[in-house]
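Per-chain residue numbering starts at 1, and chain names A, B, C and D are given in the order in which the chains are listed.
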Amino acid sequence: MKSYMQEKLDTFKQQNENRARLLINCPDQPGIVAAVSKFLYEHEANIIESNQYSVDPEGGEFFIRIEFEAPDLKEKAEKIKQDFQEIARAFSMDWKLTYVDEIKKMAIFVSKEPHCLLELLWEWQSGDLMADISLVISNHETSRDMVERLGIPYYYIPANKDIRAEVEQKQIELLKQYDVDVIVLARYMQILTPHFVDVHKHKIINIHHSFLPAFIGANPYERAYNRGVKLIGATSHYVTDDLDEGPIIEQDISRVDHKDSAEAMKKIGQSVERSVLARAVKWHLEDRIIVHGNKTIVF
Amino acid sequence: MKSYMQEKLDTFKQQNENRARLLINCPDQPGIVAAVSKFLYEHEANIIESNQYSVDPEGGEFFIRIEFEAPDLKEKAEKIKQDFQEIARAFSMDWKLTYVDEIKKMAIFVSKEPHCLLELLWEWQSGDLMADISLVISNHETSRDMVERLGIPYYYIPANKDIRAEVEQKQIELLKQYDVDVIVLARYMQILTPHFVDVHKHKIINIHHSFLPAFIGANPYERAYNRGVKLIGATSHYVTDDLDEGPIIEQDISRVDHKDSAEAMKKIGQSVERSVLARAVKWHLEDRIIVHGNKTIVF
Amino acid sequence: MKSYMQEKLDTFKQQNENRARLLINCPDQPGIVAAVSKFLYEHEANIIESNQYSVDPEGGEFFIRIEFEAPDLKEKAEKIKQDFQEIARAFSMDWKLTYVDEIKKMAIFVSKEPHCLLELLWEWQSGDLMADISLVISNHETSRDMVERLGIPYYYIPANKDIRAEVEQKQIELLKQYDVDVIVLARYMQILTPHFVDVHKHKIINIHHSFLPAFIGANPYERAYNRGVKLIGATSHYVTDDLDEGPIIEQDISRVDHKDSAEAMKKIGQSVERSVLARAVKWHLEDRIIVHGNKTIVF
Amino acid sequence: MKSYMQEKLDTFKQQNENRARLLINCPDQPGIVAAVSKFLYEHEANIIESNQYSVDPEGGEFFIRIEFEAPDLKEKAEKIKQDFQEIARAFSMDWKLTYVDEIKKMAIFVSKEPHCLLELLWEWQSGDLMADISLVISNHETSRDMVERLGIPYYYIPANKDIRAEVEQKQIELLKQYDVDVIVLARYMQILTPHFVDVHKHKIINIHHSFLPAFIGANPYERAYNRGVKLIGATSHYVTDDLDEGPIIEQDISRVDHKDSAEAMKKIGQSVERSVLARAVKWHLEDRIIVHGNKTIVF
């Protein structure tokens, strides 16, 4: 599979060697688009895709994502970045320029339930998840086999709340060693410390089930079943210190009915988790997400 | 419109004059279906549609809904009911036999926002809601015009928590006067007393918005917006004493994204409320719902 | 209802008196966005929403729709249009500038089946279809009552293939008299002549059922039923000379199963037709559609 | 993975060793359900799930699928079958009794595009496809690696229309050797002869893309793109002599828009094909499908 994947990645890189993405947010004011598009034009960049959003055109925040192509991009990349500083200052921009062919390095954290991990591996195998899955870290041995068979390193780090600090220390070292860009919690059932979260701000993506109404606390599926809910949902979000309260990236639901037992609902919930997480991760990889306050703009 | 509707209702009644629905729940045990189907066969009833469900085939609860047709149904209706007592006793059944051509009489309660009322009126006009909308009760005058134009009586009963008892007294009298079978709270923003709810057990259908996660309390749309939710939902349920916690009949969601303002989300939420309520009401009218504990079986 | 609608329309107009939409398509080349956004900036217009699309960034076609707000728009409208000529020429643009508060005047054509007409009237009553429904033209009297009750003129023009020319002559006169901007064929079962279509190019919106696979010819629902299809669809498109082959605006489907008779499938199909047509019409009213060749770009 | 799968299969078999499914179709007449349910009751079988459907209660066809559980099922299986003959004769039934723990043996045929094969392997790995994937047959070598890694035999049989007879001869021998119950054409791009189809009547499941409208002939995605379709679909069906015209099992669609190139549409189409085929295969494995004429009843 690795070679099949490598081929896909190589083709992708080659096709995108002159492509970049510019993400900007700044206070809204007239002239932003004019300035940015003039800048790109003068640097011979052709806009491929452009999405923008104003919270409130009068005095709110402005967001834009531009994907562009420029001949010999790599050679003028530094100059583009430098030249852009001036515009950025003039409009008080937060901005980021990424190169499409710089494939992001991803770590996947998983506990016992493998469904989300399997989904990511599957999307990756299908060539639909353009990432370098650098390593998998787990507090269980369950998934070692299916990970290593694909040629991906698997690190077993037992964890519990008493040894949290040293566990996270080991994890942070591995993440540094592999120079990881994004961490996906694919049903990793350990709480992360504020320190760990701070170090990887807006770089940790989590997934959890969601219900209408919420069934907070133990046995949510049992209680959802007893209430006869008709929908089972899942939410993917960036991890912040406030547990499960970070900026939402994606949500979805699946219908259930009275015939679905609590166990069946759980399985359906896992299926929703899989697809919601996969979409959230893809959007992150494609630099489609801007975090603003406690919400996301997904272009 | 009234004449167009009357024509539809008449055709419907005529087509269904020999049709009935049998709804049963009882402790599960072998032989129930055998006994019931033998009974219907012996009474010359032909099964048109049959749905059943066992919570747990070994010692759980059993539910069945059978729609059947029998020649000269009205003449033997009484005998069928009498004869069925024996089976019902043998299996400790809760059961109900309804005639399809006995159109249910409905009261709609509404406050200021007309979207759910309008939806029900529209479905009714389209011939897709087979009910006799006997009256509309409101604590506002807003919707009088659109209701009366369709030939439906509109009762304005101002309401607030200080005069709740007398308000409900007036309402109960109207409901008796019109011999109402089902009450739909189409965004009626007054709390009902336990007394009112008791008198109309499993006959009051409510609708409210729902979020993932829940935003309980004031300004839910504002808070959902600030969290950047990607789904807006609605839940329809039977009203019990436990506010908004009764058995869920139907739920659905609609996608939103960052471009939707809190106000736009509210509008989208209203659209979901409309369709969810309409489906819940239709299923009730078709006797498709069995309430069991705090959940519904919807056949 | 008319007064309720009038109030909604007035509020809408007032809120949008300084808003306009600029739709452009032209051969793609670097600098288009830069030029247009600079132009708007210089005319004190603030971009509210902007969507663009390049068929193929290298030498293909470029499309953009910009919604903007400019103080005292009406006073400078003429100057804006005049000044824009220069840019339009430089980039060989097809372009259109519309004012959001200029509500479009709509004619609805209908035959016997009223479901699509009813949907449009309903959306209009709900304030979700910002059009002036100027008149309804029908070759049947069926829907007169429900149309006139809403204060909309209803013209009965009997039609058949032998008198097509004179029928269309009458229709064209009415459309001129009411200065109609868009014609919606809400299940109007008469074929239009090439002449009629030419006169109203890209201004006639049609709706028809669609199947997978197609069941071309007579009794499509019967044949779809016999084949056991699991989906029933509908397609809305602009009318061109090539019957039912014009640019598709919107499509959707609804699930069916073996329990749905051919008649039930037809009803489900009508429900899909209703919502697909309503969406297509709204997008047209909001100037969201650019026709290019035989396809649409819907922003 | 094989061991993980084996464990899942063993658990499944054990949990279902007393479960069976009875599928019946016969001319409708009063008393069928009464007779069958009495029979099961007398043979100590407890009904777990029951679905029925009458084309037309008066003189049409009747279909029923009953899943039941009976203690020591295997010991009395023969007697049940024998005893049932009498009822079957009385009502002129077509019927079939299957045991849930008799896992079906499946052959997958594939050509060059692996997406459907991968989906089936993935569902199988996840424990969601309860089949014994006995072998994969292909006219290409492309997928050998991913199949053999999972411990499944892979047979490469080059094929073209000139050697069709001998190719099918080899295939039939392999299918016999592995005692295969069901053949899935997972994008197998060779036409099957009437002989091959006859030998495996209602045992070959195919998948193909579908469009609204249909784009029959070459380059369907290119043409769909040029027409600006908004939906891309897929259809799974049993193979009959009439190419792609056999009884439809399942269909679904995915939305596309103008931004999707013909190539992107193809990818989206493949994604729909994957999920539609997987659902169709699962329903077949669970004996949920009755073929009647050229349509399916899916319970």
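By definition in this document, a contact is a pair of C-beta atoms (placed from the backbone, for glycine too) under 8 Å apart; a residue touches a chain by one contact, two chains touch by 3 or more.
Keep in mind it's a predicted model, so treat the numbers as computed, not measured.
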**Request:** Overlay chain A and chain D by their C-alpha atoms and let me know the rotation angle in degrees, rounded to the nearest 5.
**Result:** 180
**Request:** Taking each chain's centre as the mean of its C-alpha atoms, give the chain farthest from chain C.
**Result:** D
**Item:** Where chain A and chain C are represented by their mean Cα positions, the distance between them in whole Å
**Value:** 38
**Request:** State, to the nearest whole Å, the distance from the C-alpha centre of chain B to the C-alpha centre of chain D.
**Result:** 38
**Message:** Report the inter-centroid distance (CA atoms only) between chain C and chain D in whole Å.
**Reply:** 42
**Fill in**
Multi-chain touching residues of chain C, meaning two or more other chains, are none
**Asked** Along chain C, where are the residues that touch chain D in the complex?
**Response** 53, 210-214, 225-231, 233, 235, 245, 247-253, 257-259, 293-298
**Asked** What residues of chain D sit close enough to touch chain A in their complex?
**Response** 1, 4, 115, 118, 122, 125-126, 145-146, 149
**Parts of chain D lying in touch with chain B, wherever the complex brings them together** = 30-31, 33-34, 37-38, 40-41, 44-48, 50, 52, 54, 57-58, 69
